[in-house]
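There are structures below to look over.
Shared chain: chain A. Partners: chain B in the first complex, chain C in the second.
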Partner chain A sequence: MDKLKAKLKEWLEAGEITLAIGYKQGTREARPFFCRTAEDVEQMVFSNDFQPNLAVYLSKKEVVKDEKVAIVCTISALRSIAYLARENQIGQSQYKIIHLSPNDELMIFRSPWDIDAYIEEIPSTPSEEDRRVIEMLDAMTPSERWAWWAAQFSKCIKCYACRAACPMCYCTRCIVDNNRPQWIDPWASPLSNMEWQINRVMHLAGRCVGCGACGAACPEGIPVHLLNRKILDNIEENFGMPAGIAPREGAVLNTYKPEDKENFIK
Partner chain B sequence: MDNKDFEPKIIAFVCNWCTYAGADLTGTSRMKYASNVRVVRFPCTGRIDFMLLLKAFAQGADGVIVSGCHPNDCHYTAGNFHARRRWIVLRGLMDFLGIDIRRIRFSWVSAGEGAKWAQLVNEHVETVRELGPYEDYKKAADYLKEGVYNG
Partner chain C sequence: MDTLYIKKSDIAVWWAAIKGACDHVVAPVRKDRVVEFARVENYEEIATDYVQTTRSAKEVLFPRTERLFSYQKNGRDIEVKDFDPQSVPVQVLWQVRPCDAASVFPLDAVFNWDYKDVMYNTRRERTTIVAVSCSTADEYCFCTSVGGGAGDTRGSDILLTYTTDGAIVEVVTERGEKLVALSQNLFTAYTAGDKDSYLASVPQVFDVEKLKEKMHGMFDSTVWKEQSERCLGCGACAYVCPTCSCFDIQENPKGSCGERLRCWDSCGFAQFTLHTSGHNPRSTQASRWRQRLMHKFSYIPQRQDSLGCTGCGRCSRACPVDMNIKEHLSSIDKIQ
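Let's turn to the complex of A and B:
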């Protein structure tokens, strides 16, 4: 941590960056922290388990425009940056990407492309609790699952925090903001809450890195990230693409193989 | 529950080049098949957004058929390959949400397979007849009528 702070201070003092995005201790949990001075940097904290995923700010132009940015990345944030670069949302050397590995090694990536070699070695896995809930749901009958999710979605207030927290949800006009046609009713209701989640998850299919920031952001505690995790499992099983690593040949749903297998088209 | 007399409403989303032509052949060959199906024609299976399937259920369909050209026969070369990946992912998600995926039948029907189309529709009508009306989904969708706004 000291090495990381020293590096950020050095950059800030030399004017190499104007803004360092990291974490500081909040009331209960860590929270995002925007540092502009060397004194600020002192308050920074870091762990690879922290939420939210700070890469989300890199796709928010209003935050990073006209700034020279260093971003303190968890492993998940690194994964997101690699994906954002593949989707041409991030330039070659636009940001200073800085990271502390789980064994406390300071890493600085000069370009998003350098991230691949590092994260390819680290599988993206759900937490034990998430795995447990997924297995519990898998063991249910479809109508039990339906009832379980209906109860969850009934809490949704359509705040779209799940969208705002996701680095990959960067469309300037989301399907739920369009009203010609109004695909999904904008108010909270059993149907529209479910339709919203199906849309969110499908539009992220093959792009989600499995960071869990969406579920962590939900003020109602709905574990919406489990839906994304299920898709990651499904993609790995069906197309052999491991979770969290941006495929070089393009996103899963933007590409295909003639020999893709299924067992339900009859 | 006895669903003998239940006539399911089935919406079929088909591509213009293969399955629509195949269904047309069924008609011009004067083959008889279940009349429960309403066919919606698309340029390509690649154009069949998953939202359309959801909207069909929301508006009262009990079952859905999605069909297009066989692999390697797509008029636009790869629309059906892209669609196939999307269906694989979508089907997994729907199942995880508890949506009854037995109500969605995916198929490839070529312009020459008029008989396959008739058989496909007949089979799916029977499958859905046995499952009965899709009450769960209708309940979720009818919130306006029921005045249920959240939950």
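Let's turn to the complex of A and C:
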């Protein structure tokens, strides 16, 4: 941590950056911290388990425009940046990507493309608790599973915190905001809540890095990230693409290859 | 206002009498990781192990989604079915916190401002509010800074304060008297006057009168951008808030029939103020965050003689990036 702070101070003092996006202690847990002076760097804290995923701020123009940004990344945030770069969302921006590895090694990535080699070595795995719930859901019949999720989504208030917290949900006009035509009913109701989540999850299929920020953001405690996690598992099984690593040739469900299997068409 | 006393073992008996006398009792129940207001059939279902429900009780008066009217087209004839006040159940809202009870003032003001909203007012008339004083609070609570308190009776029809062997019963309104009358023999007079000893301590962190005055002149302050930098622009804070009352009107057409709905909306969303022309008068999160605080602490007080915040702390607990409103208000209070 001292190495990380020293680096950020050095950059801030030298004017190499104007803004460091990291974490500081919040009310109970860590919170995002926008740090502009070497003095404030002292307040920074870091763990690879922290939420939210700070990569979400890189697609917010009002936050990063006119700034020279260093972003303090968890492993999940690194994964997101690698994906965002592949989706041309990082552009020519010269972000300084800084990270502390689980064994406390300071790492600085000169470009998003350098991230791959590092994260390819680190599997994206769900927490034990998440794995337990996924196994419980897998063991259910489809109608039991539907009932379980329907009960969860009866609590959904359509606050879209799950969307707002996801680095990959950067569309300027989300399908739920579109009203000509109105694809999804914008009011909260059992059916439209489910429609919303199915759309969110499917739009993230093959793009989600499995960070869990969406589930952590939900004020109703709905584990929406497990839907995304299940799809990560499915993609690994069917396409051999491991979770959390941006495929060099594009996201599996966004690309076409003549040899793609068609055995699902019955 | 009568102050009465009821024994612990008699509370469930009284509750059953209340349940029998109304259509629904709505009370906090645990659902997985959260505690929410729901219709309750048995006294035992009511949750006790929590500081605050995730969502407020406002949806009893102002539901997430409600039908304004429905219609059916038959050739050239159109049959319109208006909202039917008779369809609103007689309800008792049981075990809300004093900060939820206090939210009826800004809600009453908004829904009776220049137009008397039949749906809101019918629900309000048919709902009796039984609040319970807080014996525990957490670091997000700041009711005492916005004119409330852990044992505040404002907005309640009855306020219960649990003691070691029963509850002090403050009967605030006529509606409250009617509930007591259901089991009059269970109540005795209460004279000990030790209510305060059963209340959680919630330290006051700012003087709201000074804050209101100061915020009045802060429209162009840089503080909004500084505070809102991490805000993600979701609707969580507004949707869990007991006083937020912004709504959207939506059509739900289904061929020859359909309905018009009113559903919650939030000033935190970028699209909230987006004009058809493409212009957005609140184009940045900073301007949306300013609106949230100014509305609650400047605009509502100026127009409606009430505050737009009861200090429940829900928005802070719900926020995915820990935008702690108590902390933000205190830091505005400290600006010289």
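Some notes on this structure:
The rule is short, and it goes like this: the second predicted complex is superposed on the first by the 255 of 266 C-alpha atoms of A that agree within 3 Å, B and C clash if a C-alpha of one lies under 4 Å from a C-alpha of the other, contacts with A are read in each partner's own complex, and residues count from 1 in each chain.
One rule holds for everything that comes next: a contact is a pair of C-beta atoms (placed from the backbone, for glycine too) under 8 Å apart; a residue touches a chain by one contact, two chains touch by 3 or more.
On a predicted model such as this, the values are computed, not experimentally measured, just so you know.
Superposition model on chain A: chain B and chain C are shown accommodated side by side without a clash. After overlaying the two complexes on the shared chain, residue contacts for A:129 are found with neither chain B nor chain C. Of the two partner chains placed by superposition, only chain B is touched by A:147; chain C is not.
Using the contact criterion defined above for the overlaid structures, shared-chain residue A:195 touches chain B, although it does not reach chain C. Legend: residue contacts after superposition of the two complexes on their common chain; A:155 is shown touching both chain B and chain C.
Of the two partner chains placed around the shared chain by superposition, neither chain B nor chain C is touched by A:121. Of the two partner chains, both chain B and chain C are touched by A:187.
Once the two structures are superposed, chain B and chain C can be ranked by residues of chain A touched, with B on top. By the touch criterion defined above, A:249 reaches neither chain B nor chain C.
Of the two partner chains, chain C is the only one that A:219 touches; chain B does not reach it. Put simply, the three-chain overlay gives an angle of 90° at chain A, taking C-alpha centres for chain B and chain C and rounding to the nearest 10.
By the touch criterion defined above, A:31 reaches chain C but does not reach chain B. In this overlay, which is a superposition and not a single complex, chain B and chain C have their closest Cα atoms 5 Å apart.
Touching of chain A by both chain B and chain C, each in its own complex, is seen for residues 155, 157, 187-189.
Within the complex, the chain A residues that touch chain C are 26-29, 31-34, 51-52, 56-57, 60, 62-63, 152, 155, 157-161, 163-165, 177, 185-189, 213, 216-217, 219-221.
Across the interface of their complex, chain B is touched by residues 137-138, 140, 142-151, 153-157, 183, 187-191, 193-195, 197-199, 201-202, 205-206, 227, 230-231, 234-235, 238-239, 252-258, 260, 262, 264-266 of chain A. Considering their complex, residues 31-34, 36, 54-55, 64-65, 139-140, 229-230, 232-236, 238-240, 248, 250, 252, 261, 263-264, 266, 269, 271, 284-286, 316-322, 324, 327 of chain C touch chain A.
Within the complex formed with chain A, the chain B residues making contact are 50-51, 54-55, 58, 71-72, 78, 81-82, 84-101, 105-108, 136, 139-141, 143-144, 148-151.
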